[in-house]
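Presented below are the structures under discussion, each in the form of structure tokens.
Each of the next two complexes has chain A plus one other chain: chain B in the first, chain C in the second.
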Partner chain A sequence: MQNKIYINGLGSISAQPEDLISGEAIRVYDENIFSAISPNYKKYINLKAFRRMSKGIKMGITAAQIALKEAEIDMPDSIITGTGEGCKLDTEKFLENLLDQNEKLLSPTAFIQSTHNTIGGQIALNLGCKQYNITYTQNSVSLETAFLDAQIQLREDPEMKVILVGGVDEVSARITSFRKLDGQLKQNPIKNIDLLKVDSQGTITSEGAHFFALSKEKNQKTYAEFQSVSIKNSIQPEEVTEEITAFLKIQNVNLLSIDAVILGVNGDNRYDHYYKDIQLDLFKNTPQLAYKHLVGDFDTASGFAVYLGANILKSGKVLEVLRLNQVECRNPRTILIYNQYLGRDHSLILLSAV
Partner chain B sequence: MKNLRTELKESIIKELNLEDMEPEDISNEEPLFGDGLGLDSIDALELIVLLEKDYGIKLTDPAQSKEIFVSIEQMASYIEENRTK
Partner chain C sequence: MNKGVAVTGMGIISAIGNNTKENYRSLIYGKHGISSPEILKTIHRNLPVGEIKTSNKSLATALNLPENNGFTRASLLGAYAVTEALKHSDQKIDRNTGFISGTSVGGMDATEAYFKDFSEGKTENKEFIRAQHPGFTTERIAEHFGITGFVSTISTACSSGANAIMLGARMIKAGMLKRVIVGGTDCLTKFTLNGFHSLMILSDEHCKPFDENRKGLNLGEGAAYLVLEAEEELLGKSVLGWISGYGNANDAFHQTASSENGEGAFLAMQKALKNAGISAEKIDYINAHGTATLNNDSSETEALKRIFSKNIPDFSSTKAFTGHTLAASGALEAVFSLLALQNQQVLPNLNFSNVMLNSGFMPITKLKAKPMNHILSNSFGFGGNCTSLIFTKNAE
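Up next, the complex of A and B:
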């Protein structure tokens, strides 16, 4: 029998306040690109290193520190990071510098910190961790790929006890705005809370970092059991039900025992039918929840869904603002998360209460 | 015309993102590396770029930088003697 994996600590930085779960009012934005709320990063980051860091690196280190602190872990056995677009701020800074300086006399810092694996590397430097450290960049399944690696390692390697897994993406002026140019974002500004009411092409975007301390051992603070993750890069809309059914069968979980499903609906009328079909059929009697109207859609936004799912399983409470239907969610024990972006990169994550 | 030492302090604060620092917080004799301002090897690379970009001084021998980047005073003296712009 394979060993279980538990979420013992989590850190979330997003466009919503960190106390959202405990009742703080949600933030409303009037733009289609909005920023994450910055905590006091200097509480978590060495001040000498701090001055060079872009927001993505600061968010990543801080969310990682919060997750480890919650799990009472000083040193993880692995650090696995997912990021769809990496350190865009330093990439832009370097490229602008390249143009301004006519490709000569370039600042080394922006170049060094422009690579996708900077975040995972800086987390390790901040901790002094010399263990396995890898970064996955697989569009909107970057975080899920990181989870998959962690799952394999925790199940196959007896030496592996605790793994820090997370996803980070940051907003930058130019590269993020390309999403508007190619129609990934709505052309006119909307309120984020109206995202799922507006019938038009595109979505809204933001940034964030979500880190999770995964362990083979549970403790009194454990949020949830991380049962499994599945990734399919390409699925036809009519195959979603079959994929979900097959995934649950492998996990030995009956469809009726899913107490809530967290969906990545993002208001893009070209692709939300991937969700609509299962909302109307497979999960019509299951509480359906959404989150991208709170934090926007970005490549690792599903980290917020895992954060919500883990908190719902621990507290038993579901925020009203998440609900897509009125089916009551009583004593949730098992939650399924389904996400896709632009009809590609489909992922399923199964969490259960401990 | 702005004093070269003040100009250097302003450039260093800007290029190295020394947040919350003002030129008057850095003394001319204070060590830039180690116990003083606490700069590190990545900052040294930034200073080499700064010397060439702003003053036309190209350092070809890395060992030179150890002698030049001792303090603001040492940097200013070297710039005064070797600048081409």
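Up next, the complex of A and C:
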């Protein structure tokens, strides 16, 4: 029998406060691009290194440390990172200098930190972790590929015990704002909490880091079991039901035992019909939850969904603000997460209570 | 030893040829592809590069793409190489076919070309707004071949292509895919050329891997892909070689520099040998990372010493042929390793004249015929990411 995988620690940095789950008030934004709330980074990062780090690196290192600390792990056996657009701030800085200075007199600092694997590398450097280290960058399945890799390792490699998996993306002044030009972002500013009420093209975006300590062993503090993840690049809207049914069948999970489904609806009326069909049919009697009206949509925003799912399974409680329908969520044991972006890079994640 | 995963097709485009055959001929005749940049519009005309002298337009024509196709140069090169790999393996795409591509900067060529326009709100080339995203380049390739199932991108700088091969092999072994196209692509960009130049690790001469007087690397561009298939899918198909071992480790030393004792490289090679279930003396040839920077070559030779002690196998770096093609390098060198196995020839290390004083190591400088069964290929990158792969001719 396959060994199980548990989420024993998690770290979340997003545009919502850390204590959202324990009842802190929701942050409301009225711009379509908004920043993550910075925790006290200096608790986690030494001052000398701190000054050179972009926000993505700071968020990544900090969320990783919180996850490891919760799981009481000093050294993971692998570090697997997902990031859609990587270190955009440094990429943008180096690129602007290059263009403005016509390729002359460039300082290498921003270039050095611009590579997509910088965050994974910096986490390894910070921990002194010489183990397996990899970075995936595939739009909205960047973090999901990281989970898939961790799942293979924990199931196939007897030496793997604990793996640190996480997703990070940061906002930058220019590259993020380009999303207004091609319809990825809504044309007019809206309040984030109104995202799912507005019928228009595009979404809102932000940034964040979500890290998870995955282990073969459960303990007193275990949040949830990570059952499986599935990734499909391109499916037609009418195939979503079939994909979900096939995925659940492989996992030996009955559709009726799904206690809640967390959907990646992002208010983009061109693509939200991917979710609509299953909301109206397959999951019409299932509690449906959403989260992008809280943290915006970015390539690794689904990290927030896993964070929510894990917390719901541990506490049994669902925040009112997440609910898309009125179906009561009683004693949640199994949660399905479905996400996609612009009709591509679809993922399903199945979590269950321990 | 472990049997590994079968390679049934390969395709490549680099500065030394537009297909496997052309690349092989250049390798055996010692014909390098280093020149001045012409297609890449840069002020640094004095910096030699491994540039593919085929324009984006010609590549698009060869691929039968419509105008305004939204293909970055890395996706054009990638699609070109995948076409050859699929033809070679006589492979049809189905829902169980995966695609895993390594790229370092993906569509940066488009981002740097249109960044100012986008900043000014101009939208004529808005199909490239998402090009900074490496997954964008991968998706254009996947789309071109109708790959709809598992598609992902690895971006671990210069070890990306090797890591893509590793992930593909692992997914096949785990029974998650029946076949998968794996490899990497990167094109020359002002961003990377200026980046490496600002780090002062580009040579203004043809690069000299493992030479005492090496002055740095030449940047290159290219793409290479392998078709990997699960054993039960082979049905008598001819196998080019086997991915029999892989190892990934992190140097955890510095964001860009390698540690003096090559710890990450050492661990990656050690893991690959263990994974293949063979001892170090079974390795017949090493296709080294050998970028010709002061730092890489001394760190890599230290790591080789630690693995092989005094019995260092024949080794060479092929970077002097192609330039350092970044994320694609591990994939290009996978094709070179498979060619070396197929033809039972050790590939030469060009431009070598002086032995490194610290290591005393001599790379193979002339094509050398000898029986070989196992080849080790190294790929190391920024962020301390180190990956080693082992290719095997006869897995029995």
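Heads up, the rule we're going with is that the second predicted complex is superposed on the first by the 354 of 354 C-alpha atoms of A that agree within 3 Å, B and C clash if a C-alpha of one lies under 4 Å from a C-alpha of the other, contacts with A are read in each partner's own complex, and residues count from 1 in each chain.
Quick note on the criterion: contacts are C-beta pairs under 8 Å (C-beta built on N, C-alpha and C of every residue); 3 or more make two chains touch, one makes a residue touch a chain.
Keep in mind that this is a model prediction, so the values were computed, not measured.
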Room on chain A for both chain B and chain C (clash or fit): fit
Contacts of A:245 with chain B and chain C, given as first, second, both or neither: neither
First (chain B), second (chain C), both or neither touched by A:48: first
Touched partner set for A:86, first chain B, second chain C, both or neither: second
Partner chain in contact with A:315 - chain B first, chain C second, else both or neither: neither
Dominant toucher of chain A (residue count), chain B or chain C: C
Contacts of A:108 with chain B and chain C, given as first, second, both or neither: both
Per-pair minimum CA distance [chain C against chain B, superposed on A] in Å: 8
Residues of chain A that lie at the interface with chain B and also at the interface with chain C: 106-108, 112
List of chain A residues in touch with chain C within their complex: 79, 84-86, 88, 91, 94-96, 98-99, 102-104, 106-108, 111-118, 120-122, 124-125, 127-139, 141-142, 145, 149, 152, 155-156, 174-175, 178-179, 181-182, 184, 231-235, 299, 344-345
Residues on chain C engaged by chain A in the complex (per definition of touch): 42-44, 99, 104, 111-112, 115-116, 118-119, 121, 123, 126-127, 129-130, 132-136, 138-139, 142-143, 147-157, 163, 167, 170-171, 173-174, 176, 190-191, 194-195, 197-199, 248-256, 263-264, 267, 381-385
Complex contacts: residues of chain A adjacent to chain B: 48, 50-52, 101, 105-109, 112
Chain A contact footprint on chain B (complex, rising order): 15-19, 38, 40, 42, 45-46, 49, 52-53
